[in-house]
Each structure stands twice: as C-alpha cells, then as structure tokens.
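This is the structure I have questions about; it appears just below.
Lettered A, B, C and D in written order, each chain numbered from 1.
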Amino acid sequence: MAKILMKGNEAIGEAAIRAGCLNYFAYPITPQSEVAEYLVRRMPEVGGVFLQGESEVAVGYMLFGAAGAGARVFTTSSSPGISLMSEAISYIAGAQCPAVFVNIMRGGPGLGGILPSQGDYFQATKGIGHGDCRLLVMAPASVQEAVEMVMMAFPLAEKYRNPVMILGDGLIGQMMEPVEFPDHLKTEPSNKDAWASNGMDHRGSKTRNLVKSLFLDPVQLNDNNLALKAKYERMRAEDVRSAAYNIDGDYPVLLVSYGTMSRVCRTAIDMLKDEGIEVGMIRPQTLFPFPEKAVADAAAKPSCRHVLSIEMSMGQMVEDVDRCIRGRVPVEWYGKCGGDIPTPEEIISVVKARIAGKE
Amino acid sequence: MAKILMKGNEAIGEAAIRAGCLNYFAYPITPQSEVAEYLVRRMPEVGGVFLQGESEVAVGYMLFGAAGAGARVFTTSSSPGISLMSEAISYIAGAQCPAVFVNIMRGGPGLGGILPSQGDYFQATKGIGHGDCRLLVMAPASVQEAVEMVMMAFPLAEKYRNPVMILGDGLIGQMMEPVEFPDHLKTEPSNKDAWASNGMDHRGSKTRNLVKSLFLDPVQLNDNNLALKAKYERMRAEDVRSAAYNIDGDYPVLLVSYGTMSRVCRTAIDMLKDEGIEVGMIRPQTLFPFPEKAVADAAAKPSCRHVLSIEMSMGQMVEDVDRCIRGRVPVEWYGKCGGDIPTPEEIISVVKARIAGKE
Amino acid sequence: MAKILMKGNEAIGEAAIRAGCLNYFAYPITPQSEVAEYLVRRMPEVGGVFLQGESEVAVGYMLFGAAGAGARVFTTSSSPGISLMSEAISYIAGAQCPAVFVNIMRGGPGLGGILPSQGDYFQATKGIGHGDCRLLVMAPASVQEAVEMVMMAFPLAEKYRNPVMILGDGLIGQMMEPVEFPDHLKTEPSNKDAWASNGMDHRGSKTRNLVKSLFLDPVQLNDNNLALKAKYERMRAEDVRSAAYNIDGDYPVLLVSYGTMSRVCRTAIDMLKDEGIEVGMIRPQTLFPFPEKAVADAAAKPSCRHVLSIEMSMGQMVEDVDRCIRGRVPVEWYGKCGGDIPTPEEIISVVKARIAGKE
Amino acid sequence: MAKILMKGNEAIGEAAIRAGCLNYFAYPITPQSEVAEYLVRRMPEVGGVFLQGESEVAVGYMLFGAAGAGARVFTTSSSPGISLMSEAISYIAGAQCPAVFVNIMRGGPGLGGILPSQGDYFQATKGIGHGDCRLLVMAPASVQEAVEMVMMAFPLAEKYRNPVMILGDGLIGQMMEPVEFPDHLKTEPSNKDAWASNGMDHRGSKTRNLVKSLFLDPVQLNDNNLALKAKYERMRAEDVRSAAYNIDGDYPVLLVSYGTMSRVCRTAIDMLKDEGIEVGMIRPQTLFPFPEKAVADAAAKPSCRHVLSIEMSMGQMVEDVDRCIRGRVPVEWYGKCGGDIPTPEEIISVVKARIAGKE
C-alpha cells in the first residue's frame, strides 16, 4: 500500500476509521482540533458518526453510552479536556467497557500553553480517575506509529474491556509524515454479545446484559476490583512494549524517553557516537504497563553508571524508572516543560556532565 | 478546652470554621453529605457562606474564583465528585492559589459503592489533574486528627499557594469520637495582597495582581512550572509527616498503612505482640510528600525481612513504598477494596505467613 | 393507498418521514414520548437521524443549527419543553429559517398534569418568544389531520422561512385511528441555496449566505422586522384555514372550537339537532393566522345571538374570537382545564342556557 | 426626601432594596447589566445576596426556590434572557409564588439588537409560559415611575402570589433622572406562613406547606386553574392602571402608547396643540390587566374618529386596543422596531394624515 503524506492529527482520525471505528465524539481544543475538522467531513463518507458534545464531560459519557451498547468508539482531546473526562473514564473502566482516548498533550497545569508537553504522564498512568482504575497507555514517537497504535488500540480495548489511551504531544499531531494504514491492523469488533447492553428485545432472555459500575455489596465490588487487578496484571504480562536503541555495546549512560522527546534523544545519541561516546536508550511504547524489565535489564549492564529520564515535564516518568532500577545506579530527570523541547545539544551536554561526574 | 463528641463529617465542617474559613462550596454525595448538612446551618451563624453548586465541575471553579479573590475556601466531596473537580484543581495549582479539598473516599471505580475505601491514593498523590501539578495530601486516622489536619490545611495551602487535600475514608466521616479544636491551630489568613486579584479599585496601581494559569510564552510557562517544582521540593523538605508504631525493637515484618486501615493494623500489632511476635508500622500522615526516609529507615533495620503495604485498595501506595525501599527487602500489598475492611485476624494471618516464608 | 391503524404519536413521526424530513431532535416528555420511541427505530431505517438533546434548550438550538444548514428538521415536545425552546424559536424566526415544532399540550401552568389540554394557545399564537416573532400554528382534530398538517408543515415552513407549529393535545397523540399518508403531500425541499449556510467551500463565492438574527444597525433590524411583518400578513392572506359545521341554516348559537374539543362540540351539535335546536360551528384549523373572516361571517348571520368559545383552557382563544366579532353579539368562554374534557351533555346544557337567556 | 440623580438601571436596583427585597439573582445581558453591577456592590452593604446564575434558566429556578421559601426575590434581564426563564415563570405562576421580573427590552426576535424596543408586549401579557398563566405587567415611562413600580411590585406579587413583571425599555434603563424612593412604598413582606415551604422543623405540624405546580388529578388541576383565573379577574378589577393626557376636550384622534414611546407622543400632542389640533392619549401603566375601559371610554367620545396604537414594535398592543374598541372607530398601528424611536414629527405627520383622511 502506497504511503500518503498526512498531518498527524488527520492520520489519527483516518486510522480510527481504518480500524473500523465509526463513532467519534469530541469537543474541540487546541492542539488537536484538526482531528475533528478531518472527521466532520470524513465520517459521513463512510457512514460513521461525529457528534460534538456540549462539553468534554458530556463527551466522556457519550463514549460510555455508545461503548456500553457495543460500538467501537473514540475521542480525541488535549490535557484540560481529558481532566473533564476523568469521571467518565473511571465509570467506563469500572463497568468494563472498551473505549479509546487520544490525548494530544499541551502544556499545563491549568490552561498552561498550547505547545507540546508530556505533563500528563502521571494522570494517564496512575490517577486518571478515582478508584482502582488504570488505562493501557501507548505513546507514539512518529505519525506512522500513531497510526498503528490507534489501529491497535481498538482490539486491545476489546481484549481487556478497558479504556486505552494514546498519549501523544502537539508535535505528533502537527507534523506531516508519510504514512500507511497496514491492512493487518484492520480488525473486526470482537463478540460484544457477552457483555454489551442489548436492549429491550432481549428482556427476559438469558443473554441480557447489564452495564454498570455500581456494586453496593462490598463482596461484589471487591470481586469486580479483583477482576480489574487481574486484567492489569495480564496487561503487564502480555502487552508491555518498548523499543531499544544502541544498547548492544557498553554504555556509561542510559536514557529513558518516549514520544517526540525520544526522537531528539536518538539524534543526541547519534551525535555522541560520532564523538566516540556510547549512550543507550529504552523508549517505552507502553507507559502503562511500564516496560520495567526492559529498563531494569538495560540499566543492569555493568558499564551503565547513570540513568537519565528525559521528559517534556518536570519529572514524572522518572519515578517509574527509579522504581524499577531499585537503587542500582543513580536515576535523574532532565527536561523542560513549557513548550520548548530540549535540543540534542542540551542533552549531549547533560550526558557529558554525568560522565564527567558533575551533577 | 473541653472535648465534644462529634461525628467525623460534622467535626470536619466545624474545624474549617474554627480555622477561619467562611467560604464553603459543595455538591452533596454520600458518604460525606453530613458536612454540607452541618454547614448549611452553621455557616450563617458565623457570617459565612455555603453555596451549593449546580455540579462538582461548578464547585471546583467556585473555589478557584473565591481563592483567586483571596478568600479562605474549602469543599468536601467523595471520589466521583473529586474527579469532576480535577480540571479546576489543575487550574488552581497552575494559578498558584490556596484551596482545601476534603475527599471522603468511597469505593470505585465509577459509581462503585458507598462504603469506605482508599482507592483514590494514586489520583490524590500523582494524577489529580493534567500537567505538572501536585497536591499536599494529608490522611487522618481519627476524627481528632481530621480536625487538626483540616485546621492545618489552610495555612499550609497559603504557605505554598497550592491546593491541599485531606484524604479520608467513609469511616472517618461516619464515626463519632470526642474532639477538641486546638486554639494554637487557629490562624490568620496570610497576606494575600501580594497575589490575590484585588479588583477594579486598584486599576493602574502597582499592586494590581493577575490570577491566571495561561502562559503562552514557553519560557514563562517553563518558569512557572519550575516554581511549582521548587514548591513540591520544599514540601518534601519541610512538611512531610509520619507516625511510627512499635519500631524500637527488632521486627521481622514492617507494615505501612494510613488512615482507618492503620488503626486495624495497630490492633493486629498489639495482638501479635501478645503472642511474642514483633511487627513495626510506619503510618504516613502526608501521602504527598510521601515519608520516604521514615519508611526506608524502618525497613533498613537488619531484622526486617518483609514489608507489607496494607491498603483498602487494590495496591496503590505499595508502588511508593516499593520505590523508596529500592529492592532491599520484598514489598508486598495486602488489602481489600469493596467496603469490607480487612480484620486484625486477617492481617495477623498474612504477617504470620510471611514470617513462615509462604506467600 | 391503504389505511393503517396507528397511534397519533406514531403517525406524527411517520408523517414527518413521509414528508421528507430526516432530522429529528427531541427530549422525552409525557404525553408525546412515543414519537421519539417510534423514530429512534424508524429513522435509521430510512437513513435519517434522531438525536436526543441534553435538554429542550439544546434541542431548540440543534434545530436552529440544522435548519440554518438547509436541512428539513422537526421536534416534538409538550408544554414545559416548548417553553424551554422559546428563546431558540425566537432566534429561528429572527434568522428566517424553516423548522417544524409539534406541541402535544399537557395541563399547565408549571408541571401541571399529563392529561390533554389546550392551555398553550396564547403562547403558540402570540408570545412564544421575545420580539416580533410569530409562528404559523395548525391544530389537528384527528390523527389523519395531524398526519396531513405535519406533511404540509414542511413546505409551509420553507415557503415562509419561518417556524411552523402543530398544536395538538394529549388525546390526538394517544388515540388510534386509521390513517393514510397522501402522496400528493410529499414534497421536495425547496431551494435552500438562496439562504442556507453553505459552508467553507463557498467562501468568497457570490452565493455565500449568513444565517443570523443579530442586526446592530437599527435600520437593518427594522427592515428585517418589516420583512417578518410582511410574511405574517401573507400568512393571513394565503394560508388561513378553517372548517365550518352546520352553518347553512339559521342558528341562534355559534360555537368556535378547535382540536379534540371540536369533536365533542360536533357530537353536541348533532344531539341538539335531534332535538330541533340548530347550532353552528367554526373550527379554526390555523390558530395563527386566525380565521377572523370565517368567524365574523358566521356570527354575522342574523339569527345568531350568542357565540361560545369552547376550550380546554381557562379562556384564551376567546380573546381572538371576541376581537373579530367586534361587539356584534356577546362572546363567552366555556371550558375546563385540568385534563377532564367537557362532555357533549355539558356543552348542550350551556347552549340551552344561552338560548334560554340565562348566563 | 431629597431627589437623587440616578441612571434608570441603578435606580431599579436601589428601589428593590428600598422595597425590602434582599435577594437578587441574575445573569448579565445588555442593556441592563448595570443593575447587576450596582447590586453586586450594594447588596452586601445591606446584608442582601446577589448570586449570578450559570444561565437565565438557572436564574429562573433560583427565584422559584427562594420565592417558595418565602423570600422577596427579583431578577432583571432583557428579552432573550426572559425567554430562557419562561418555563420557570410558568412554574412559579402555577405554584402561586410571588416573584418580580424586570425586563428591559431590547430589539428582537433572536439576538436582534441592543437598542430600545417594545417587542415583548405579547410575550409579557399573553404567552410568557405554557398553560393558563399570566403576569401582572407594569410599564414605566420615567425613571421615577420605574422606581415606584418596582417598589409596588413586591406587595402586588404577594397580594396575588403571582409573578409581577416590570416591562421597560433600554432608554428607561440608560437615562439619568432625579429620583426619590417614597417612604410610603416601603412595605413589610406579607405573612408567608400560610403557603411558603417552612422546612423540616414543621414536619408533621398542621402548618406544613407544600409548594408545587403538579396536580395529576384533573379535578385538582382544574381547581388550581380556576383559582388562577379568579386572581386574574381580581387584577382586572382592582389593579388596572392608566394615565390620560389631553382628553378633556374634543379630539379627532386618540393615541394609545406606553413607556418611553408615550413620552414622544406627549411631545407630539403638545406640538399639535400649538397648531390648534387636539389629540388625546391613554397611556396604559398596566399592560395586563389592560386598561380596557379607559381606552374604550376615551375612544367613545363622539369627536373621536381614529385610534392609533403607537409602539416600538411591529404592532402588538394594537390587538388589545382593537379588541376593546369593538369596531366603533378604525384602529391602526404606527411604529418602528429596530432601535430608532419614532420622532414627534413622524407622529405628527401620521396624525395629520389620518385627519386628512389618507391612510
């Protein structure tokens, strides 16, 4: 299949359609409104629906309603919009429905700015909503990877009957790259008869399903939460993903970085290699489950003396990196959070300072 | 001052008034609606205001507005209600305003149940809103401690110009205990002239303040976030709090537990002591900043072979415990999440199994 | 075409589809929720859209948006729901867009009751919204007539680029009658290119249209209102409709009645004729424009000594009847407003009292 | 008491306070936002409350709630805002609660313009909400009269337990005139114990009141509506008000005009008198009840050959004028609706044309 030059936001919209998702609910917010602009034209062409909610709170519950009825659904938003959906996300997780959320992060907290950011790592991976709920979170580093992750998100959401989030940043959304929509990622919606609300016609039938997150009986609620916990463990076992870069040789410094930030890191690594300095990198592709083993193993190489978590935030993923390295080597954060992306030169400078033993 | 027998939820409301907070905005939700029921009568008696918002989204922004105008403000809610406030919390943190949030947690995710829970640990300590925002989070283990933490919350919120959260559970809110409202915790609102919006009369004056979270310039946004990061570091240095129990001797097992759950653990520890088995406990009183050193030091005792994080959730704090122990001894979670609270006997059984080497 | 036995509410929904209206926005309210229940199944079968708004306020603006884009649109509601749409109705009238509103009246004011009523006559014909706006209002007296009026409503709304209202009552909605959907009432949407918003593709083209009700220049606003006034005059000239009953002979009493109420009046007239008492009736089929000439002419017959406006309200149409008879004979109201419909016997008794000279 | 120079909108706000109304709920809209700007400062000074609702829909229900609890309440808005309150107004009328609404009319329909208008006459006097509900409507022609009508509105609303509306126009709100607040118009709230909701403390007591508009039993709903009808008749008998101008002599032309428009008419009458042409005027001060007898009597003078309803609308009051003159002389409308007010010269020209026998 030929590659097409597309803007990230548009490619994300098209990927959802190619993945068989014909239900898109959203509320516009910079820097991802182009997804809605693209789909408001495109969805009718394929018999799909784009409905703009009256707020992000409403959009979250539109997703819950459509997901509970068994439809493939997704939304796209940016940081403040995702906060407004957090109650609904918790409800969808508690009721065990599949749904896909794309967060093209902007600077925060609050209104923050409209330039790229990775400031929602904690929210996405730990505390998106109240209660014991977690999302499967994927972080693309290119438009092509965004396309593939969106296409993979729907069957993963259905496999786990759990929300899946694509955590991108404004640069992924805005840049143009040649993309293809791989046929092998087209999937059929899985059998929803076992759990989706199937309406009045089934009243009294054996297969009548009830979609709910309310369990007033503490034993039932505990059981539901144990089922969630088991799913999260299964995500850790079956669907953790990461990419390694330049880890075959010996390196004194290991970088951990994801998304757009990791592309800059790769450039810095290449430039350092030209100077004869080896630096390895693990790029988490799933942020939850976090690639604990990949990071721990790469840091366990005897040559490795320093680990740097490079982030477009004030240091969030660094906690997960630190946790899995368990004190073997020092773990530090480096980054910026305001829209300016650290340059390769800045990263090179930080790496060299670590090697030279300065903080 | 004489002690009065009060229900937790009512004592929380009274404590805010005693602390000089006369602005309460809220929306009712079980299991903390008694705070509103108490304050709807009590606030007018002291010249204060209770305004019920049309939703928790509105309540969050009522707090932002009043806080931005320099008033001491607080709200009380329970898990789903806090999710609905998460955008506003991020705005308040970004704009550096003081505000106090009380979350009397109920079971989740989604509607969950109405019995006690500790399922919002992650949300409160990591991902309450989008962007690099964090709250100072305190967790009371008794009605008296709830009173004191509420009274302390207002000057702390003003010290840091940051939201402070009291993270309780339904049992704290529902049980009756004798309480007093210590005079030394009564504080005057700190000087708000330096930052609060002071209205049209100051137009053109040098002291005119602007309350905002929007920084379109990436350098300014980065600076604002560095200021937030510096505040969070200062919280770690100056306001981390924990209580130790039975850690003077040698113990093979260390428990880490907070809130209502820690009271059951203390009973279990006493019962085990009667059998000649020593078990220590660190009870975090602040969840963020997390008492990393206290936990690490207690686990560093040579006799300690096992650390158990006992939670009324499916295992959230265990990540923070694990992180600060850095692999020295195994860290495990034990708990329930549905409203039933683990009994002393169940905890004793888990402790003994660890000592006997069984999982 | 064969007749089908249908409930009024369902026939109303089907009539809209047969009339070529594929856009239905609504919010459920007794006693017309069956329209939505019917169309939620039926619309998808014909490629149409049913979207439930989050409130009647929203529904009103959904109609405005779709109408402004040139689509045939309609909603159904009942009294309180219509009040919530009144701002939007005024906007649609001011912006000169076509839209069809069906009001299946229930008892009022306020929540009132859920039994049939005609209490919204004034609202529909005079004061539905602020400003100089009026609707073309049709009142069916049978399910078949409801079908025909709904089918006629769309081309009339387009002829005048003005909202059209079908004012029915709960009995019309609930009763079952054999109906047909006349082919000659199927119409094509009229040319909307002259006025409907036609999107970005036309930017800069000569045919670009702007849909708006805001005219800050007083001359333009006056012109717009003169254009509305001219339309209302044209409605009076071209689209006033009424049906006469038993007015060929001489009658001492003339009834004026519409909708379900007029059917009871007809029965009373037949029963009085059996007793040798002649009573005539004018049944307004359009309430605005009001059939002033038909009523005045029928009351001008020399034998006519009394006019009675029989209504399921506390006397609203009686003002219009009184106005066009100009004092020639006494005009009185008789009716009930609570859900009980006056019986033929009660009407006979009132008529005989008038003839006997008693009040 | 000394006169103070005040802007109409501010005088309206002050008049409510002087009348003993300490509860003001509103949402800003041009051209009456100065009322809110005035009261946001003034209400706290007198221990009153100003609460801005999240929309006019909310404001309407805030009034219902506070009125149902027995408080004196009022709001101010302008045309579109009043439409949004129409459901609530119907509820308040149906539940028989007192409340005062000030509508400073702007041009319509829809957004219309922000200049003065009288386009909401029909809405205010006939169809403000669904069901058999009517308001007592007063129309001031000066700032002083606006003050007095606002002060009178509260005891009238309580006398009838019905909403009262002050129907002004943008000019009344914007112009400055010397005003006084007459002491004799200060009133005590009437005994609300007989009907207002009095809370839980009265549970089980004989005086427990229920505030509601729902009557599912048709007999009860009919009785409630008969009670409303009786109140409207009583308004017609006891509280109809109008002012006459130059009706002592013989005049060939009678003007009927209200509000700001009537002031221009008075100037035209004075100028015509200078030319030796007599023209009389009836100025309705209450629009509902309409001063039918005053208008009919003035038109019954043998010299009178023409009646003109002069309005800043496309002809609404003319229907009421026409109705009460019953065909004795021709009734015509003259006016403008866009913000420009007809000048004395234009009115003189119209009057002369009537006398000359031209249309």
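By our rule, a contact is a pair of C-beta atoms (placed from the backbone, for glycine too) under 8 Å apart; a residue touches a chain by one contact, two chains touch by 3 or more.
Everything quoted here is computed from the prediction, not taken from an experiment.
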Legend entry - Where subunit B and subunit D overlap in contact partners, by chain label: none
Legend entry - Relative orientation of copies subunit B and subunit C, as a Cα rotation angle in degrees, nearest 5: 180
Legend entry - Greatest separation from subunit C - chain, by CA centre: B
Inset, instruction - Could you put a whole-Å number on the gap between the CA centroids of subunit A and subunit D? - result: 59
Legend entry - Approximate Å spacing (C-alpha centroids) for the pair subunit C, subunit D: 28
Legend entry - Residue numbers of subunit C (touch at least two other chains): none
Inset, instruction - Could you classify the connectivity of these chains, where an edge means two chains touch, as line, ring, star, complete or other? - result: ring
Legend entry - Residues of subunit D touching subunit B in the complex: 51, 54, 58
Inset, instruction - Give every residue of subunit D touching subunit C within the complex, in rising order. - result: 57, 79-80, 82-84, 86-87, 90-95, 105, 107-115, 117, 119-120, 122-133, 212-226, 228-229, 313-316, 319, 322-323, 326-328, 336-340
